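Chains: A, B, C and D, in written order; residue numbering restarts at 1 for each.
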Amino acid sequence: MKDRPVTIAVIGGGQCNKKEARLAEEVGRELARRGAVLVCGGLGGVMEAACRGASSEGGITIGILPGEDTHTANPHVQIAIATGLGYARNMAVVKSARAVIAVDGSYGTLSEIGYALQSGIPVIGLGTWSISRNGKEDRSIIPAKSPAEAVDKALKLAETKSRGAECQS
Amino acid sequence: MKDRPVTIAVIGGGQCNKKEARLAEEVGRELARRGAVLVCGGLGGVMEAACRGASSEGGITIGILPGEDTHTANPHVQIAIATGLGYARNMAVVKSARAVIAVDGSYGTLSEIGYALQSGIPVIGLGTWSISRNGKEDRSIIPAKSPAEAVDKALKLAETKSRGAECQS
Amino acid sequence: MKDRPVTIAVIGGGQCNKKEARLAEEVGRELARRGAVLVCGGLGGVMEAACRGASSEGGITIGILPGEDTHTANPHVQIAIATGLGYARNMAVVKSARAVIAVDGSYGTLSEIGYALQSGIPVIGLGTWSISRNGKEDRSIIPAKSPAEAVDKALKLAETKSRGAECQS
Amino acid sequence: MKDRPVTIAVIGGGQCNKKEARLAEEVGRELARRGAVLVCGGLGGVMEAACRGASSEGGITIGILPGEDTHTANPHVQIAIATGLGYARNMAVVKSARAVIAVDGSYGTLSEIGYALQSGIPVIGLGTWSISRNGKEDRSIIPAKSPAEAVDKALKLAETKSRGAECQS
């Protein structure tokens, strides 16, 4: 299917404050306006806000849930995947995306950032974790100042990654 | 989201003969005609045939892949989930569905049938496994004589299951 | 490590009656007497009985748990692995073994039998599932009449499998 | 089983330099001397060095592998678990431990640190990642200056965690 749309993951805490929710919702809206599919962990907080934003603009939203019941998905998830795998589903969230946008987030988000970077999937950060390895700053998490900038960077890097993959194959 | 559509899993071998492919394709077509979302393991054989059928009728198809690359999905998968979990993804395929239709299938399909029955998710069989426990036949796999009958039974049982779940909550 | 001992999985229901517990306990004892490591799902029923038997003969017992807490292991598990993966851990139980002995068992056991046969890992049955594919009996589950016979067959097949693997590499 | 020994995870890169290998090996030795079981991801680099150290002092070593074949374990792994789950096995490595010691490490290690902190499992660092959340340093990764200090802190925190858990239950 040549026209399968680009999928971008939005990751972040299952609980979040109003400012973070506004950022995540705007990320979702912008992804939908630009034709990207949104994939996330399907629960509340940043995940729900991002799905609400994407849905309000007619975008497609996928929630990959830790539990065994699709009814635990937030109401703005259109495609609910119940993995029953607990937080091992974090890996599936990032590996299903061409790029990841992290909005704030707690330790589960850190595990997702680790998985994404391990797989060479670009990570854009909006007020999220920064990391140093053995005292030396690691700049792999690409900062963005606004939701629009985050989406813009994510889509550009997703395209590069995809092209790279196509060249290799 | 009150109107999230019913999702039905189609399971079966990654390789299949022409007869099985015809059955699976017709199952996919019938699911799409009746407005159900199709979820499967995303690869070839029965999975590909079912997705081809559903797509040809404008239905939504989800592929939950074992590997780390969404490009391994068959071309009729619209929503590709790359789990990186190997065949542990079999659990996610069935738990994301309200009912399961098994078309032929090998030992991986048997593991999926086990997961579905363990979770109380109805399994409809089209020429698939039958099972006996300690010498006594277990009739949990509900036989169907045609793709249309399989879809009909799956949707009826999915509705019952959903209602049951709503009553409990 | 040339002398890593042979590991055999014992699978079966998390609840079982006295007869099944006696069979499982004797399987565990016999595995320990013959120097094999026992791996199982770590919970009650058949798993606990098998671990109790193995421990009573000084054998090593491994429990691969579905949950996140090693305290949920039965008291005869010496090495407790908390996967947090739910029933996806069924795959890890069988893939860690050179052969599998199934004692009775319910649908979770059926998923484990499916995984084992998919991977070419021999399955010995003591009053467990039997399977037919599209109306034709599948004799892959090797019946045993007693715990001693089950262990004997499992160890012989494990050796064959191991040799085969060594020849290939 | 009241006397199940304390299990400590050692995490770090699958490839490492000589200095990191010396640190990891000494961590393994010290864990064995103090009666702790070592759990790790079972492969090379930091994992292999830690297992070599523990084995040389008669300790028990567990390797939880990503693949489907126990033969991929490093030669100092005594108990090899083949999960077939890919890097989702990272979660099982940390959840099976009462505390985690991170030696250097790359992005996979970062995902393990995320999982451990999410679960309230203490993380001791020897030249590993440090993390800041939204510009504010997060001091959850406890630094150690030597392998002996790392093991000492890990065992003390493991004991506290265990007691806490017992008080709650």
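Going forward, a contact is a pair of C-beta atoms (placed from the backbone, for glycine too) under 8 Å apart; a residue touches a chain by one contact, two chains touch by 3 or more.
Note that this is a predicted model, so its numbers are computed, not measured.
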{"item": "Comparison of B-C and A-C (more C-beta pairs in contact)", "value": "B-C"}
{"item": "Most distant chain from subunit B, judged by the mean position of its C-alpha atoms", "value": "D"}
{"item": "Distance from subunit C to subunit B - Cα centre to Cα centre, in angstrom", "value": "28"}
{"item": "Gap in Å, rounded to a whole number, between the CA centres of subunit C and subunit A", "value": "39"}
{"item": "Residues of subunit C engaged with two or more neighbouring chains", "value": "68, 84-88, 91"}
{"item": "Residues of subunit C that touch subunit A when the two form their complex", "value": "68, 84-88"}
{"item": "Residue ranges of subunit C in contact with subunit B within the complex", "value": "85-88, 90-91, 104-115, 117-118, 127-135, 140"}
{"item": "Subunit C-facing residues of subunit D, complex", "value": "1, 4, 7, 37, 39, 60, 62, 64, 68-71, 73, 75-85, 88, 91-92, 95-96, 119, 165, 169"}
